[in-house]
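I've put the structures underneath this note.
What follows is a pair of complexes built around chain A, which joins chain B in one and chain C in the other.
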Partner chain A sequence: MYDIRLEGVTKKFGDFTAVDNINFTIPKSSVTVLLGPSGCGKTTLMRMIAGLESPTNGKIFFGEHEVTNVPTRRRNIGMVFQYPVIYRGTSVRKNLELPLLSEKLSKAEIDKRVDEVAEILDLKDVLKRFVEELDNGTRQKIAVAREVARQPRIILFDEPITNIDLTSKLELKRSMKELFGRLQQTIVYVTHDQTEAMTLADQIALMQDGVITQSDSPKEIYDKPNSQFAGWFLGNPGMNFVPPEFIKVSGTKITSPLFSQTIDLGSKAASADTFGVRAEGISVSGTEEKGAVQARVTRKALGAGGQYLLDLAVGSLLIKARVSHSVGRSVQNSVWTTIASENITFFDKSGTAL
Partner chain B sequence: MAKSIETLEKSIKDVPKAKKPESKKNWFSWGLLAPVLFFFILMSVLPTIWMFGLAFYDYTLTSANKPKLIGFKNFFDFLANQQLAGSVSRTFIFLLCAIILQTFLGILIGVLFWKNDKMPGRRIALTLFFTPMVVTPIATSLFWKFILDPTLGVINYFVSVLGFERFDTLTDRTLAFPTLVFVDTWMWTPFMTLMTLAALGSVPKAELEAARIDRLPLIRLIKTVIWPHAKFILGLGILLRTIDAFKTMDLAYVLTGGGPGDRTELIAVSLYRFAFKSFKLGYSSAVSVFLLFIAIALTAIYLYILNARKKAEE
Partner chain C sequence: MAETTFKAKRKPGPIRFATLGAWGISLLFFLPVAWIISTAFKPKESIVVSPPVFFFKPTFNNITEALSFDNTLDYFIHSIVYSFGSVTIAILVSYLAAYSFSRYKPAGTDFLMFLLLSTRFVPAAAFVVPYFQLFNLLKLKDSYIGLIAFYTMFSIPFSVWILKGFLDGISQRYDETGLVYGASRWHIMFKVILPQVKPGLVASFVFNILFVWNEFLFNFQLGGAKTFGVPVGLFTGSTKGGAIDWAYVASIGTLYVLPLVVVIYAFQKYLLVGLTFGTVRGEV
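Let's turn to the complex of A and B:
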């Protein structure tokens, strides 16, 4: 299998820079999710890897081979599009076979591969049906199966479940998760949906304005965002950010009305401008605790999984905290909060984590 | 629980229905339609009904006799008329030749334009290429008559410069008909190119890209990706051309007047002669009714294709 190496890859559309000088390696045999808001350049980057767009500048390597100017047909990649692509007027089986026919495989080998993917993606029952009769969710499964059956070394997914109705979406996400566990290929998956990214990725590359701002494992990128953008974009709700007026820096020490303790940030303290804390990084208690900060509950909402999302006011500062069902149900107007120092991320004026 | 659902249902039923000023709205839309409707009825519907009636009469403007109801006699006369049968079959040969040529060339040129979508000057080339289609057919016929003229025409000028003998294609017994097909093709190939471009444009980009990724060979690309989408618009294009070619009148009338002999006499030219040269209104109405039914049959196919496309898209 190949890794995908991008060297100074840039793509401009007129005056607009969609992808800005990206140097990045997508590791082989793993799932890398390009995540970011619409217009951040993630799809353009993927299309350049596929050869459907050519970079304005820079080079693309598959392993040791430079492919920057190699046409799509000769790149040996698979790609699943946002809009489910099916080859019309044929059966599902024929759809899966079509690309294999160009690979000069034996009939037995083709049948074997088709049956295999049909099994994995639960398409056995529809193999004989005509593709036009099937709904979008199944059509997208066919598109996925087709690319998997070809066994290319790299498979690209361009927001494959965005245009699918909700029920099929969950099903497709589940089969994709299972599939990715089995595949040995290098997989690049583009999405703007953080839940998808969190579920499927071995590695997330977070993109903003044509640049990869952070890349790491889902857990790492969630717990240790390197920028305010990463903290805000990932998580639902995004990270709480506490504005500068609630921070007091004296020497290397930082205090805040939210802290029950002083935090020593060493030499970095001077540039600390704001700090962030995740909603679940705030511990909440219904009874007064020593050293805890008192807060007023302004709103209580029951969220997914029985957890409660609390809107808290500490003086004039508003923050959100996620608490367990039992705590959430019992708390009334006043709560006592503590934040462990490892749950706090400081940012400088430009929004970069310290 | 049951009770709450009941109340919910009740509250849904009790929602006051939004008042639709339906009658007012209707008046307004009818009002907007009225002028068009008025002229449509006056210029299209009434004459058609009139024509149906006339078809059963012996009615000749130049005759002193009063119009006489003669039943289906006009139709029998017309079906027995060898000359008319000749012009009907000639019309079919004409439209077959013209449409095969136009479709073939139209697709060829359309694909060239489609493949080279980044070619500099593409827009200008397209605009120039489409001009024959927007020029009035009468004008086209007239200037082709000049171009082909044996004494004044530019083609014969070059022919004589090159040392060959001047010739007149429009009065030549073998060349007149092909010349008519040629001018029609010159005029209408751009239309088929336009339809080809529209048809190719209706193929989703992702499907074309997927075919590149999946390395489908050209034949399969055409069969499984392009054709399923393009067939509707292309089919409509061919049908529209067929309906139109069937009515071709101005071209033949101006270029050859149906001659030499009856070599280029298409059905519409015959019809024109019966109605406005011999003033046999009853007889020509019967011919028109016959033509109308052919046009209706073609339109039915047209609607069928439109419907099939709608279904396929669902």
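Let's turn to the complex of A and C:
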């Protein structure tokens, strides 16, 4: 299998720079998710890897081979699009067989591959059915299965489950997770949905305005965002950000009405401007504890799956906390919050983590 | 507030008046065709009589007689060659053009599409003299090449418009999947996309055949003895004896509609889709 190496890859559409000088390596035999809001350039980047767009500048390598100017059809890749591409008027089996037929494989080999992917993606029962009779989720599975059966070295997924209804979405996500576990291929997966990215990725490359701002494992990127953008974009709700007026820096020490303790940030303290804390990084208690900060519950809490999202006010500062107990579910004047220092991330004026 | 009254729906009779009226109007429009076809099979003496004869012993004499005239069969052959020839070429060229407009969107696509259709804004008669001169100059008069070129040119704009509508309805992801699978552009165009726009191909084929098959003016001006089609033949042949030979007109007319009836009947199911497609768009 190949890794994918991008060297200074840039794509401009007229005056608009969609992808801006990206240097990045997508490791082989793993799942890399390109994550970002719409318009961040993630799909353009993927289309350049596929050869469907050519970069304005820069080079793309598959392993040791430069493919920048190699046409799509010689790149030996597979690609699944946002809308399922299926061939109407034929059976599911025929849909899976079509690209294999043109590769001139033996009948036995074709049958073997088709049965194999049908098994993994749970399509065995519909193999004989016509694609028109199936729902969108199943159609997308067919498109995925077809790529997998071809056994290319690299498979690209362009928001494959964005347009699928909710029930099929979960099922499809599960099948994909299972599938990715079995595949040896290098997989690039584009999405704007952070939960999808968290579920499926071995590595997330977070994109904003045409550049990759951070790349790491889902856990690392969630726990240690390197920018306010990363903190805000990942997580539901995104990170709480506390504005500068709630921070007091004296020397290397930082205090805040939200802290029960003083935090020593060393030489970085001088540039600390804001800090962020995730909703689940705030613990809430109904009784006063030593060093806890008093807060008000401003709204009745929203519950989801045994967890509650609390709207809290510390003085004039509004923050959100996620708890799994019942304290603070209704509007009240006094709960006590504590934030462990490892849950706090400081950012400088430009929004970069310290 | 006035009380709402719920009026029982009028019971439908066996045949409603409206239905009857609709049938009446339809039949009225169909009368000339019915007259032509029935006249073709009437004995000569009962063709122009008053009151008209509705029941008669059908005969093939008129048709065999009409076919035995010198040029009749030639007219049919000419018509078939230039109609089917030009429309087939036009569809092929239009498909390539429409594919390009739909997929590559060359600079000025909208303007070019408009320009293409604008050739049909002016009444055809306005072009007759310039074309006559041009064909004389290029020595294309009375040649298949000339006529086919002319009718091809005339059929292209409409076909490009119809086909572009159809192609825009086929997601480009099909093309891209083809590329990923290692197919060439030609393969994608003709093996992947073309089957999906079949209704569009049929619709533009049928509409253009209807036009070219019935075209009289340009065939008359630009053609000649070697290329006159049936409409011209009908016009010149019907007055051979000094007066209009209705038996001849009816026989040739009847034979003339047959190929179109067959073509349209065969493609009916595509035609309906062809007429309605393009109203609802979106990625498929």
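The working rule: the second predicted complex is superposed on the first by the 344 of 354 C-alpha atoms of A that agree within 3 Å, B and C clash if a C-alpha of one lies under 4 Å from a C-alpha of the other, contacts with A are read in each partner's own complex, and residues count from 1 in each chain.
The definition used in the following text is that a contact is a pair of C-beta atoms (placed from the backbone, for glycine too) under 8 Å apart; a residue touches a chain by one contact, two chains touch by 3 or more.
Since this is a predicted model, take the numbers as computed values, not measurements.
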**OP:** Check chain A with both chain B and chain C modelled on it and let me know: fit or clash.
**Re:** clash
**OP:** Pick one for A:99: touches chain B only (first), chain C only (second), both, or neither.
**Re:** both
**OP:** Check whether A:139 is in contact with chain B, with chain C, with both or with neither, and answer first, second, both or neither.
**Re:** neither
Original post:
Who contacts more of chain A, chain B or chain C?
Top reply: B
Original post:
Looking at the overlay, what does A:90 touch: chain B (first), chain C (second), both, or neither?
Top reply: first
**OP:** Scan A:11 for contacts with chain B and chain C and give back first, second, both or neither.
**Re:** neither
**OP:** Examine A:79 and indicate which partner it touches, taking first as chain B and second as chain C; both and neither are also allowed.
**Re:** both
Subject >> Those residues of chain A which chain B touches in one complex and chain C touches in the other >> reply: 50, 52, 71-73, 77-79, 81-83, 85, 88, 99, 102, 150
Subject >> Contact set on chain A toward chain C in their complex >> reply: 50-52, 71-75, 77-79, 81-83, 85, 88, 99, 102, 150
Subject >> Partner chain B, residues of chain A touching it in the complex >> reply: 50, 52, 71-73, 77-79, 81-83, 85, 87-90, 98-99, 101-103, 132, 143, 146-147, 150
Original post:
Which positions of chain C touch chain A when the two form their complex?
Top reply: 171, 173-174, 176-177, 179-184, 196, 283-284
Subject >> Touching residues on chain B, where the partner in the complex is chain A >> reply: 204, 206-207, 209-210, 212-217, 220, 223-225, 227-229, 312
